[in-house]
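Think of it as A, B, C, D, E and F in the order they're written, each chain with its own count starting at 1.
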């Protein structure tokens, strides 16, 4: 069996910066991820469910399964520091998973 | 680093009661959550993927990251008892995460 | 309280084979699951976000909460071997959850 | 008087007109397991178009008629009161019949009753399409369909839903079930008035009145969209309704042994309510001659006889969650809706034409 | 005979007509990295409109013609048989050519072959748009395009897919690849007949026939939507197809060294199949004079020459998963589709007009 | 000269025309907590239709006019230069006024300034609808609206966004805020030109020119969709804009004590920019008589006075993330947009008609 411990990085933030986050992931060498679009949510920065037009007010959830815990931590830290810590709404967290990817 | 242990409450249920669940969360003091809409699924109460019109037959997934495990348990219990135990289709579960939210 | 340990199987793969995977789950006796449709992603087999028409280029995420860890492992193995190991793009992983389902 | 030949033509034209055939296509598509699907956003778009079109057209015709015949206002008010009566009466009777005759459980009976009392926008749209075509065919000299009837929607819909829910909850309380469930008539009334369908319809009617009065040329340009496209959009909408009906056919088996009686109820009751509506409007016509055409009575019949299957299910799931949606959904969408548009409507049309001698 | 001037006009009118320009806009938008996107629900809505419109129009014209010329039934049946032949023949030949001449792997060759044999609704829609405009231009006195040709869609599509899959799987089995993969011709046939595109098209054709016969006035009202809007809706649809084509241009690099030959195949083969189709219909025209116009042959050419890029890819991904979608998708959508509508169609049109002397 | 009666008619026809009433319906729907919603895919579809329609129509009229009056080319070029000036000037002035007079923080002031400088497609669509109706009413003998004005969109939009961002970032850097944020004018320019709205509009204009020139009959068929449906589609689009405006009303409270001044700015400034635009086009009209109608100046006023609330917010969120969207979004969509279409547009129209003596 090929199940092995891995870490899933989950980033939920403004749809507007999806591309910027993907670019940052690419810079960090991460090229495999899954994107859930047009999700809604509430947080400390107000309800964000289509109260305005375009991408401004919807959220996006990006999930990245990464083999090494250390790299996962580096990724979440980079994303958090560049985007979530400053100006953009969102949350990020890690989960332990057992992955079956080739 | 600001990673800290937290618990994620996941509630998957009928889209119809999304607002009621959000109200209950608010009553419990929870004002931060993420909503995945128009998801499908099957369970003990039949396939629910758009077999009828409007919101009747789609599901919604609500995720809430909560710092204290005890509060997370209280939340899941309240939601379960008020909605899922009785009349509405759905499932609820907890996951351990390490959150990076400010 | 009715919280009990369970395992969540997560399968992210091509939207095209959603039905085939559901059939396989049914064969394995699994009749409860949740489906997230029209999600995007990148992996070793290229970006898959609507670069072509129809279902060809979107992903689907199927989540199954299963009580017994052994059955969850059997399910993920069956799905992996039949679809992901060979021809179809995707990833599958397990997560530990504490479920509240009746 | 209508000859038999004319009746046959009415039946054939209706059954084999594009809208009805697209509805059949929807049902058949499910039966043959086609993957034909109408995306949800498209469904909403089609529904919004139809509701806005019905409202705009009705409003613009109503304002012309009201200017010409101020007495029409009295007719409209009486019709609104009659609608309230119909709503309450239909819910009340249907609930009792479903419980006593069809053997449904208390919760299921009253939840289903609310569907029958409430108004079905899809049924109404088909009715308006038929009445408007008939008006068009005879020209503007003779009154067939005044257009404003759909404004009665909320006057029947909300009373019906509220009474079904209240009676149902009281009955359940007596049986000691769900004593904790709260019923909030204000909230139900709010949803009844400001729910998407009725709100858009009534608001468009008001818009049609104002625009026709102040800005008739703009109105004409607008109706190039909302008028000319109506029939075609209705076809795609009914295709989707057919798909929904087809998907619920399988759920009919949940009715189990009660299916025979449920079948009868789903078929016969709406005919009664339709006829009741027609007779009421006919009485009003006799009292105020010249203000109501046969198409008005016919459209009222589609309001009274129609069985809601989009907004009522959501209201009932929230207010009587003890009821099993697999009872009321298939009855509404897979039995009554097809019965109504295929069999009921031609009958109502013939009845109206006979009464009006048209 | 066509003069050179007339030919130039045909070419210019086609190339610089709004539909083709919107297609170009789609491709350019991708190249300049515009964020212009057609939402999936809108795409489905546009496609449903076009398919229903083609069907309704074809059905209503077919029923008129059939009543007038019962012999047309024989023509339709023979054309259907010819379609089956074309489907099988095109898949068979294309697969061999792709493998032997273009150097594709077995799986890729047969998967791509199925695309060429199958029918492209987008190509068909463009063809119908041109033929219908030509019919409109000459008035109803002269037959240019009888409208029913699109009904042949499933008669070519399913046989093409089934034969490509069967031959492909046998070839793969011989190479010892994917022995375990199951092929279920019944399932493929089911998808071929009840898949969204062909099912909606053919059902609309039947609806058009019934409605034209029983309810012609309703049909007219319906065509205010499905008829008048056709060209405009086609523009938005082709914009989306252009976007899809543009997005696949990048994937062409996967063809690697084989790109030159793939290019030739993607361009030349469909021209052959189009011409084969035209000759077949022309022979039928000679056998049954007066029942087929040049537009019929032209639309048949778009059915035979078109290369499916919506339903075929899905069918092939499921049945020959060993094949690389990055081979067949860009060939179909980024090479053959543009070639066909930009170069193939004007040529087919000229050939048909020359044969018919129109 | 316009009489008072004519002015009243202009005001009433505008305010009580269907588009404006549907906008009001949108706002009211939010206030009464209706669940009326326009799905995102439908919103995109409506916007694409309107942009393509404005472009196609403008292009086809421009090509006719350019062939007739080659001097128009000079007019267009001068107008484009004037647009660039307006864009920069409006951003610059608005930013300073918002900071000094309205007391907004630096980031908020410049982010909001970009919105006022940028172009609002929704405002433009309403303007085109009014100007085109006026042209239609007088027939093609007199020039009211040449159709090509919307092509100036990018010439005002991009310079406005770029200058607001650059000035804003420099001001923030001086205050020591966000020193690390990178501004990439090339990227902003790219988004300004190839962003969905402006790109589709301008490309459709080019398509309209080419198609009108080479394929006029095809163009006519296409305009059955893009022309006749325009007013009706605009109604549904404005309903959605009204919903968006209504949802932002609540956010106005974030303005706190500054709300009074923000109110004044949101109302008065765009009027100034609109008038500035009108005067510029009027000067051009005096220099090149016969090439510009009052509708051209009016549409230019909607370009200059409009305040972007779809593309500008996204650009500003990305480039000045320090600014609070709850300041600029409600100002743009809940204050200026309604002010502009309800009060500004009638005033601009009257001013233009007076200047042109029409």
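Quick notes on this one:
Note that a contact is a pair of C-beta atoms (placed from the backbone, for glycine too) under 8 Å apart; a residue touches a chain by one contact, two chains touch by 3 or more.
Worth saying up front: this structure is predicted, and the values here are computed from it rather than measured.
Counted as hops between touching chains, the shortest connection from subunit C to subunit F is 2.
Counting only chains that touch, the fewest steps needed to get from subunit E to subunit F is 1. The set of chains touching subunit A and also touching subunit D is given as B, F.
Rotation angle relating subunit A to subunit B: 120°, from a CA superposition, given to the nearest 5.
Chain pairs A-F and D-E differ in how many C-beta pairs they share in contact, with the greater number at D-E. Distances between chain centres, each the mean of the C-alpha atoms, put C farthest from subunit F.
The chain with its CA mean position farthest from that of subunit B is E. Rounded to a whole number, the gap between the C-alpha centres of subunit B and subunit C is 20 angstrom. Here the spacing of subunit B and subunit D, counted between their Cα centres, is 35 Å. Work out the mean CA point of subunit A and of subunit E, and you get 42 Å between them. Each of the following residues of subunit B touches two or more other chains: 36, 38, 95-96. Looking at subunit E, residues 39-42, 45, 228-229 sit in touch with two or more other chains.
Every pair of chains meeting the touch criterion is listed here: A-B, A-C, A-F, B-C, B-D, C-E, D-E, D-F, E-F. Taken in their complex, subunit B has these residues touching subunit C: 10, 12, 36, 38-44, 49, 59, 61, 73, 76-77, 80, 84-85, 91-96.
On the subunit D side of its complex with subunit E, the touching residues are 12-19, 21-22, 25, 28-29, 32-42, 45, 133, 137, 228-233, 235-236. Listing the residues of subunit A that touch subunit F in their complex gives 14, 16-17, 20, 38, 46, 50-56, 86-88. Chain contact summary for the complex, subunit D toward subunit B: residues 40, 43, 240, 244, 247-248, 251, 309-311, 313-314, 317-318, 321-322, 325-326, 329, 333.
The part of subunit F that touches subunit E in the complex is made up of residues 39-42, 44-45, 48-49, 52, 56, 190-191, 194-196, 199-200, 203-204, 207, 210-211, 213-215, 217-219, 221-226, 228-229.
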